[in-house]
Amino acid sequence: MCRWLAYSGSPVLLEDLLYKPENSLVTQSRHARLGVEAINGDGFGVGWYATAAETPGVFLSTEPAWNNRNLRELSARIASGRVFAHVRASTGTAVQQTNCHPFRHGRWLWMHNGLIADFPLVRRELALRVDPSLYPEIEGSTDSEVLFYLALTFGLETDPPAAVARAVGCVEEAGENQGIVHPVQMTVATTDGETTWAFRYSSRGRSRSLFHSRDITTLQEQYPDNPTLHSLSAGTRLVVSEPLGDLHGAWREVPESSCVAISGGDEEIRVFEPLRSSRS
Amino acid sequence: MCRWLAYSGSPVLLEDLLYKPENSLVTQSRHARLGVEAINGDGFGVGWYATAAETPGVFLSTEPAWNNRNLRELSARIASGRVFAHVRASTGTAVQQTNCHPFRHGRWLWMHNGLIADFPLVRRELALRVDPSLYPEIEGSTDSEVLFYLALTFGLETDPPAAVARAVGCVEEAGENQGIVHPVQMTVATTDGETTWAFRYSSRGRSRSLFHSRDITTLQEQYPDNPTLHSLSAGTRLVVSEPLGDLHGAWREVPESSCVAISGGDEEIRVFEPLRSSRS
Amino acid sequence: MCRWLAYSGSPVLLEDLLYKPENSLVTQSRHARLGVEAINGDGFGVGWYATAAETPGVFLSTEPAWNNRNLRELSARIASGRVFAHVRASTGTAVQQTNCHPFRHGRWLWMHNGLIADFPLVRRELALRVDPSLYPEIEGSTDSEVLFYLALTFGLETDPPAAVARAVGCVEEAGENQGIVHPVQMTVATTDGETTWAFRYSSRGRSRSLFHSRDITTLQEQYPDNPTLHSLSAGTRLVVSEPLGDLHGAWREVPESSCVAISGGDEEIRVFEPLRSSRS
Amino acid sequence: MCRWLAYSGSPVLLEDLLYKPENSLVTQSRHARLGVEAINGDGFGVGWYATAAETPGVFLSTEPAWNNRNLRELSARIASGRVFAHVRASTGTAVQQTNCHPFRHGRWLWMHNGLIADFPLVRRELALRVDPSLYPEIEGSTDSEVLFYLALTFGLETDPPAAVARAVGCVEEAGENQGIVHPVQMTVATTDGETTWAFRYSSRGRSRSLFHSRDITTLQEQYPDNPTLHSLSAGTRLVVSEPLGDLHGAWREVPESSCVAISGGDEEIRVFEPLRSSRS
């Protein structure tokens, strides 16, 4: 329904992520290969950090990424070592900047591919679960933003995997209360500017695609003549909805129901399981 | 902070309301005379009825009214006997179509000039007071839309003045709970396609300006040579944030704390007083 | 590259043309079947006549048709007996309203699918061929608009087929002067509000697809139980880039290098051949 | 009609130029003090250089500057030592990105406040004077962009003051051929990334306002306790449509019919006089 990428590593120009790869995210905005919908033309967004300590910048637009001249201009001139980018295919909610990903709260970014099933049926119950001090910050009308504020409510800033587990558990409970069979479908990425966490999960166990790049050192050995690979630091990593190119061995699928944490060159994959409130 | 007009009477082209008067609403989008802010350039909206029985159409845009070519095209070709039009000056919320007035629910339209003071402080409490079946329809982030859904919750479709009184009472209670001194500032118009109700009220008793046109028959006698006036039916009425021109005797100020109901040629002005929940 | 439809006949709501058919134009904006490009998301436009005698209205937007709420609102409320509609896939020129089709001059509308090859190479020469009195009206940067103004220069308002033949001849000459092998690729529709002319032509003889609807009476006999068909007048006709549905026998391909003229129920197909200036 | 600023000196965040001054350019977009029109809400643009040697970036939008969230985000994160910024009030031409200033050609930027009188009457003649190799680059429909391409045609890249003099002379000749009394009204800024040239001129000798900042060293002595002034390098300069604040002695009016060249800390003011073709 959407496509996204999360980059961390050596500072690169945004255009190196968004335009230059063979199957770049901007290419995916017109012709996604793996999504249920090939077109992601209902807006886009980019979030980037100048330094990990600062509030990230966001550039959001309701226009298709493929024909946006400002995105091309900025991408050729903004470099960053931590980038979130997202192209949107609306599942019904309005096409407006406040519905574009990544969402931001303080130093945190959040983006989502998927949906909360029958969102109108659970929207109010979920909004009520959002911490009252956070509620007024909700600006848009998407399920994705509510999921972010639930995660913030449940402690995203202190223990991201646990907070997301509780947020997803909360959505599943609310959905089941309404008789919704498979309430959650998601790949999600979130970051505080230092670590990126990516989640792949769906209530029915058939989640949207998600891949992460392999250890760059291994690839550098495998492809000794590829200059692009050799210019990147050992800690460089990408998590993506679909591979940006066909380099053999470059991408590994993130398993169903798991969470990847990427920090510097370290990457840790753990099982992800929603936490119901009774267990929290 | 915004400017609006509510028209009912003989079918007219939208351009006769929006562009042709000396101090037309589109003129007011650049140079309002009576508002606290001369510029209303943060979007606009028009709602109109083909027949009273049908869902009204709405045309909403985030662009300034004064430079919007589509508005000019449509205004020259769409005629209606009941029109709501609004030019927006944001008090902080996002400039997006879902924040543009008039808002619509079924056959009802709603538009607002003013604000709920310190809206972020009361937004959640007010949203919780909205009927759960209506809550999912809220698409934007404005105080104005929440006020509309509160009025719908309190029976707008059966007794508009009472429902608005209860909605405003609800906002005043919520505001006072947060220590807000003057929670409500508003002129509001709402219609079901047959009757238009306009409200002028503020907690501190100093409301934004509001005027209604005088009885057309009197004006026709007063200005026997004015062809525009003579082409209008006896029941034609306008309610406006500020007069559209300087015709002597054409406009009467709507008194503080009052509600005007306009139905056909009948017009009734009543005192408007918020109703607190203890009294409802 | 683009998709369009030209309707004439019984007044219909725009939504009956743009949204309701199985393979409607709005559907084609996301998933065109026959085009070289499936996505036509770089803006859209609709032109319609209230009466044949009046200047047609145009509603143009740079957003994709599929997610535009104003288009949906207006389409459900504007009816017309002569409609032009177009969804755009830019071949490089800017996405802006002045590049959206249909273009208008007085009572005339014009829309185009295709391109003038290597347009930058011939743009100046073609602009100089436009009548000086018409030149200042050119507002956008497309090949399509220049082609329109060339046709107007060569007498579109008095003899449309001859004027288009001379305009196309002029483009072919200019292209050949620059060594361009196949200068013109086009399907074009133009109308004065009373007659619609549609052209299918390309310098290489492999033109974009074009279809016209068959005589409604024949279809009504063929499908005695189809109420949609029976509500249309005998003179109703559609010309389209691709069929709006799969009704057997409903559509006939417009032959290569030909012009269809549709006026009331009459429809005439003629050979179309560009006229070089030496022959004009 | 428009307002602009041209900055050169120590690298600063764009927000220090666009938002922070008391009478900043974004403030001027709503409430210009000296212009004939207080509102400059028909789009805006920013051009900036990473290094003098590179093509500058441009960020252009059709929305008012005052409510554009992307501008605020980017301004807080992009720093540059050479910035052009412009807020537009259209004199009739379309509100579209290709009509937003600054215009760019290679390493050159150009922006304009004012107008070519009766531009439709001379548009074609002026377009024909543009070098054929440059003509296809014209994307918009403004007088300002044509003036830029005339200046490029007449040698802007080698001798800017002479090229602008010839371009203006060309416009005056074309205007006089059409009986236009005062063809040119302008303040213009242009730069190659190393030197900025600003022009103040009008055919009738009553030009739009233009100011340049005084020598920073003098100001630093005059205001020993102002930290903002002391953080700027000696060579920092601003040229603006109107002063950004009320600091006594900070601004000097650029005289009528003159050109200012600013390069590093050097600033040279010369008489500006249009050159007719007979003299060129």
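Note that the chains are named A, B, C and D in the order they appear, and that numbering of residues resets to 1 at the start of each chain.
The working rule: a residue touches a chain if its C-beta (ideal position, glycine included) is under 8 Å from a C-beta of that chain, and two chains touch if they have at least 3 such contacts.
Since the model is a prediction, treat every value here as computed from it, not as a measurement.
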Interface sides of chain A and chain B: same vs different residues, half threshold: same
Contact-pair overlap exceeding half with C-D, pair selected from A-C, A-B or A-D: A-B
Chain centre separation in whole Å, for chain C relative to chain B (CA means): 41
Residue list for chain D, restricted to those that touch at least two other chains: 69, 94, 97
Interfacial residue positions of chain A with respect to chain D in the complex: 50, 57-61, 69-70, 73-74, 76-78, 97
Residue ranges of chain C in contact with chain D within the complex: 93-94, 96-98, 119-121, 123-124, 127-128, 132, 135-136, 138-141
Contact set on chain C toward chain A in their complex: 30, 39, 41-42, 62-64, 66-67, 69, 90, 94-95
